[in-house]
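The structure under discussion appears below in the form of structure tokens.
Which chain is which? They are A, B, C, D and E, in the order written, and residues in each are numbered from 1.
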Amino acid sequence: MTALDAHIVVERSGFRLDATVQAAPGEVVAVMGPSGAGKSTLLGVLAGLVALDAGHVRLGDRELDTAPRPRVRTTPSRRGIVLLGQEPRLFPHLSAHENIAFGLRAHGATKQVAAAEADQWLWRVGLDGMGSRRPAQLSGGQQQRVALARALATSPDALLLDEPLTSLDAETAGDVRALLHDQLTATRSTAIVATHDAVDAVALASRLLVLEEGRVTQTGRVREVLAEPATRFTAAVAGLNRVEGEVRGGRWQRDHVVLAAGDAASAPSDGTAVAAVFRPSAVGIDRTEADTWTGALRLAPSVVEGEWLARVTRLEQTPGGVRVRTVDPEVAVDLTADRAAELGLAPGLPVRLRLDAGDARFVPLG
Amino acid sequence: MGFAPRVLAIPAAIGLALLILPLTALVLRVQWSTLWQDITSPEALSALGLSLTTGLTATAVCVVLGVPLALLIARSRARTAAVLRALVTVPLVLPPMVGGVAMLFLFGRTSWLGGVLAEWGIRVPFTTGAVVLAQTFVALPFLVLALEGSLRTTGVGYEQAAAGLGAGRWTILGRVTLPLAAPGLIAGIVLCFARAVGEFGATALFAGNAPGVTQTMPLAIYTAFNGAGVSQGSAVALSLLLLVTAIGVLLLVRAWRPEAPR
Amino acid sequence: AGASGDTAPGAASGSTADVDLSGELTIFAAASLATAFDELAARFEQRHPSLDVVPISYDGSSTLATQLVEGAPADVFASADESTMKRVIDAGLAADPHPFASNTLVIAVPSGNPAAITGIADLGESDVTVVLCAPEVPCGAASATLLARNEVVVSPASLEQNVTAVLTKVAAGEADAGLVYVTDALRAPQVDAVEAAGSADIVNRYPIAALSEAGNPAAAAAFVDYVLSAEGRAVLEGLGFGAP
Amino acid sequence: MGFAPRVLAIPAAIGLALLILPLTALVLRVQWSTLWQDITSPEALSALGLSLTTGLTATAVCVVLGVPLALLIARSRARTAAVLRALVTVPLVLPPMVGGVAMLFLFGRTSWLGGVLAEWGIRVPFTTGAVVLAQTFVALPFLVLALEGSLRTTGVGYEQAAAGLGAGRWTILGRVTLPLAAPGLIAGIVLCFARAVGEFGATALFAGNAPGVTQTMPLAIYTAFNGAGVSQGSAVALSLLLLVTAIGVLLLVRAWRPEAPR
Amino acid sequence: MTALDAHIVVERSGFRLDATVQAAPGEVVAVMGPSGAGKSTLLGVLAGLVALDAGHVRLGDRELDTAPRPRVRTTPSRRGIVLLGQEPRLFPHLSAHENIAFGLRAHGATKQVAAAEADQWLWRVGLDGMGSRRPAQLSGGQQQRVALARALATSPDALLLDEPLTSLDAETAGDVRALLHDQLTATRSTAIVATHDAVDAVALASRLLVLEEGRVTQTGRVREVLAEPATRFTAAVAGLNRVEGEVRGGRWQRDHVVLAAGDAASAPSDGTAVAAVFRPSAVGIDRTEADTWTGALRLAPSVVEGEWLARVTRLEQTPGGVRVRTVDPEVAVDLTADRAAELGLAPGLPVRLRLDAGDARFVPLG
């Protein structure tokens, strides 16, 4: 049995969303995707704020929406679904406390109960004593927490959260994430959480759905998706390099990059398209003997397994050190700040990259 | 003046002066000797009472009919909204007297509707009900247009948020839509009540000028003005009475401002 | 009170005083009759203690006529001019109107007569600001006739909608002179009246009629009679109205 | 009706009917035989021309004075705003006729101001300028109150964003504040123009009724209505003419809607 | 010479901001702090949107604000400072293109120039072809990018960015971060960036200012601050554990946790307060022999250097595996998902933690 089962098609000029979403009762599904992929639109359809152009939305055994015909459209308040939108949209004329109570009252709580619960929720999101403030008198992160409390407090059949933890600092985000996790688990809510942070997806959801340009490009258990990203985007989310190539004679190859493909060698036949997935920190980096790209190419030995020449395109400072981005193929390399200083890298320079095939995972392309 | 250019204080002051100076000139001409007598005469008080009763009733009717109408227009597509707005604007342009004639033509005994009503024993014109009807007719557009402006400015974002939280339509209306449009609603109610209380032309024709039944303050002022010669003393006195009372009522309306945004 | 009117219908008024009238009496009267009719109504009510004269509705004659045609409930209609009364008669709402008073024009000037107006000829002076009633309304029609008879050409600063507007402008000192009815000029304290030559020939007559749909026909007839009676006339004359 | 309860369509329809049916009754009484003649008479056309000129001028004056005044009120603290709003509301309540008298008291030559003006050779009453002044006096509150409602609803968030980008006060006013309050501004302009064009009482007393100079349509209609004629045919015809023209102008105002939000 | 020099005091009921900010010309300073710490208020004062209660704001040699007297307050448009607020507040009545052009026009560009530049900026933030859309027709991340472009396009003397990269996915955020970095470097803009992400701070800023409850708790070069966090908050941002204790006889001690303090031993005297800072992944974890906390305590040997008993309070799924939070003292431990499953941890259980003193850094308390 599925709690939520939807096939959603929305047509807009220059954009088409066509996605299937399913969630078992009590299951939390994370939705990730690049900016503009259609995450908010998807949630908007489920909440009844965006009209369906084709498909259906089912919750439990109720048909909430169908289109194009017979056209059914259940009004948002009758869906038993609560949406926390990407813009929190706290009611500016109500205090933080009244904002939280609003959701509770809308779900039928009496005045007293709503007031008492709202107090509790304020405390839970760390805003004890700020209940009487208007949203305009709260900081961005405080507003975000009130909005989250307002949505969570309603404990609906299904909860839709659109980037619930943005504008929170690491520490507060951690606390709120734990609160959210506990609440979702305790109420056994079916929930869909759109997020940009793999940390949220892993911590909150059991399944991950990757949406790109309106289509689902990958779906599965969160850790599995992150470990075997099917697209560049998912690899970036997981913080991994992903290079597409093919397997020939037990070796994985992409242009002049060749790796000994251990288990990928069991692929049915030569020429299978396979992506190599590896962590940026697993890649070794060295200056080449020559100072210029053409010089480096001239000096380059013929293809060596696990080693290749690359050109630096960008250096990015990261908390752990420096991330070096190279082409072709596009590979990111992490190294410590000391090592980066020692190498004296700069965009445009040629470098020699090394990768132990054991550090790579080979994923056949779907 | 917030982020507005500061020189704008000059036209603002001129505007304010234009509105206030004539009233000052009026007050300066008040005959203080007869003022008390003028404003406490039984006719004056009965007219005032009638004005307040009918004015408030008409305002209530306007709210009941006008708020839905404003919502309808504000949430219609651009084209429909334009047509509806034009229809609502029409009675505004009409000199009120013509409005009164029009209502007489609609409800009078020579009309079809008037005939039907007469058969049921209902006579609309020349009753206190007619006063309320006339005031509603002239005041309704003000409420609708002022509120519609605010509703459109607010947009539907917060309504969506409320719907996303599972709030029903009535809850959204009462707790989100109207409070957020409160500045416009209050402006509308003020305009509406002021227009209803000051209404003269349509009432004079459609309801008549029967003291105690349909003679509201403006009609009493008109009668005093026309009848008692040109001393205008009592007309001015009555005007002041109307003014002070209306402002009093309006300040009460202002005081009621449940949840003002920002 | 003796009945000595020159028209017959008023003759019986003395005797009707004894008839026991009751119920309500509703009167519609032209705005310029306000003072006179308030007085008349009060006296009439005193004579007939069980009769309740509803406070009189005053307005422009034309407005009142329109209302009567559209079904306004009234027993008596007193108009400021005969053509308006005709509209009511044409609608079948009244049968025989009786003229009960008349009015003539005078030149109204601000008190003290700052422009030193001495007669109607002065109204033609170019430096005199004159306001008149609009020719469409009765006092304006009369004014036009009067000026034409005296061969005075006036370029009025404004053609007012009614006598009150003319008086207001004169009283405020905004106009140097205006043509208004005698009764109006008498009522206005800040206004002096200057005789207009030939005005006696141009008389405006006020007709009164009991309405055929009157709810209280007896009282209506009695009131009409009372207005026409000597006592009624005395009241009207006291306020400056002329004989019909 | 967006997120509003659907049953509200019923009162909305009733409200609309109340506004429209009397006009239908009016149109039904038009004497088609004389209509063309009535509305093309030189007097009618001159009155119409005057009405449009003065109405538009008064509206322009109202915008120039009223927009700053609305800004001042909308961006004042609650207490100041309440006082200012009450002051602006006063002229609304006054029957226009009394407003006319008040203006006569202010600008008439027996008044102090009138005296000063007269010394400079300026006479205000009986001029077209007086018509504009009277119309401005009665119409200004509508613009101010309607716009103020919208300005308050919009808030200062976007003005802050614009200031944060380094925009000057005039830029903020022209590109942010007014466009965002456009629904209210347009509602205000519509109310203002309609009220100015329909204005009768104050004009009649303050400006007088000289054809071609101060006789606007409502005055012409009133004259026709009170005229000795047996029917109000031409008054009705003139009313229709005024109506149609005013609606035409208002539709033009609507068409000008530079950057409507949402 | 400093480009920006401000001492900012703002009083609000229950909150007082009292902070000093300085930035050299062309320097980028990151501001981090918990939700509600006063970051947005600080930027608001600099931009002229929030009034100063005491202190001053100087830009170059111009005195922009002083308070309480003589009270100077320069109007926002005359400051030469541009603020991108936390709420992007795109003008809803203008298209994306017009929004960007608005900032340019406000800075005196002609219509043509503004239009051309706006086109370029749309392209740079990856929104080519979306210029004619109204903000309401853009996704949250797209709006954020338009707002950023609108602010950057003005190239002002000083730029204030309040959380410029929220609601962007990892990949887009990376691209935009690089764009932002290049732009700030190329125009040598003095900039203050409020952010919740250490990645932003490291990539964009040279100095970091930590603001907590309205006060500056730490400031310095970004990497140094992150390496030697002076507060729990900063440690959380840097992803480190920070435990305060004291040094006695060459050993660092906090309750029953004792570490051999190598270089911290050179601290002037015994009893000096010193914080131990270490990565969660450097901590080893094991089940104790006993299943209950009291049992574990009973069985616990006397204090052993580099080992202590702790109780699990929370388990958090992370992309890398599982983070185990323990008390007392509060220490987070990272371990792989496999290892976590093998240990069968749950909140409330006692565990034995191990830390090699070489993995810890000892930071004397200021």
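What we mean here is this: a residue touches a chain if its C-beta (ideal position, glycine included) is under 8 Å from a C-beta of that chain, and two chains touch if they have at least 3 such contacts.
The chain lineup, named per UniProt: A, E = ABC transporter ATP-binding protein.
Here the structure is a predicted model, which means the values were calculated and not measured.
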**Request:** Using the touch definition up top, find the fewest steps from chain B to chain E.
**Result:** 2
**Request:** Quick one: point me to the chain whose Cα centre is farthest from that of chain E.
**Result:** C
**Complete:** Distance between the CA centroids of chain A and chain D (whole Å) is 56
**Prompt:** Roughly how far is chain A from chain E, going centre to centre by Cα mean, in whole Å?
**Reply:** 21
**Fill in**
Expressed in whole Å, how far the mean CA point of chain C lies from that of chain E is 89
**Request:** Please set out, as single numbers or ranges, the residues of chain E touching at least two other chains.
**Result:** 87, 92
**Message:** Residues of chain D that contact two or more other chains, please.
**Reply:** 101, 105, 155, 160, 162-163, 169, 180, 222, 225, 232, 260-262
**Touching two or more other chains - residue numbers and ranges from chain C** = 63, 66, 162, 168
**Request:** Please give all chain pairs that are in touch with each other.
**Result:** A-B, A-E, B-C, B-D, C-D, D-E
**Message:** Can you tell me which positions in chain E touch chain D when the two form their complex?
**Reply:** 47-49, 75-77, 79-85, 87-89, 91-94, 102-103, 105-107, 134, 136, 150-151, 154, 156
**Prompt:** Inside the complex, what are the residues of chain E that reach chain A?
**Reply:** 14, 32-36, 39-41, 86-87, 129, 138-142, 144-145, 162-163, 166-174, 177-178, 196, 198-199, 202-203, 223, 226, 232-233, 236-239, 314, 316-319, 337
**Complete:** Per the touch rule, the chain B residues reaching chain C in their complex are 43, 101, 104-105, 108-110, 114, 118, 123, 125-126, 204-205, 208-212, 215, 223, 225-232
**Asked** Can you list the chain C residues touching chain D in their complex?
**Response** 60, 62-63, 66, 81, 83-84, 86-87, 90, 129, 131, 134, 136-138, 141, 156-162, 165, 168-169, 172-174
**Asked** For chain B, which residues are in contact with chain A within the complex?
**Response** 157-158, 160-169, 171, 175-176, 179-180, 182, 259-262
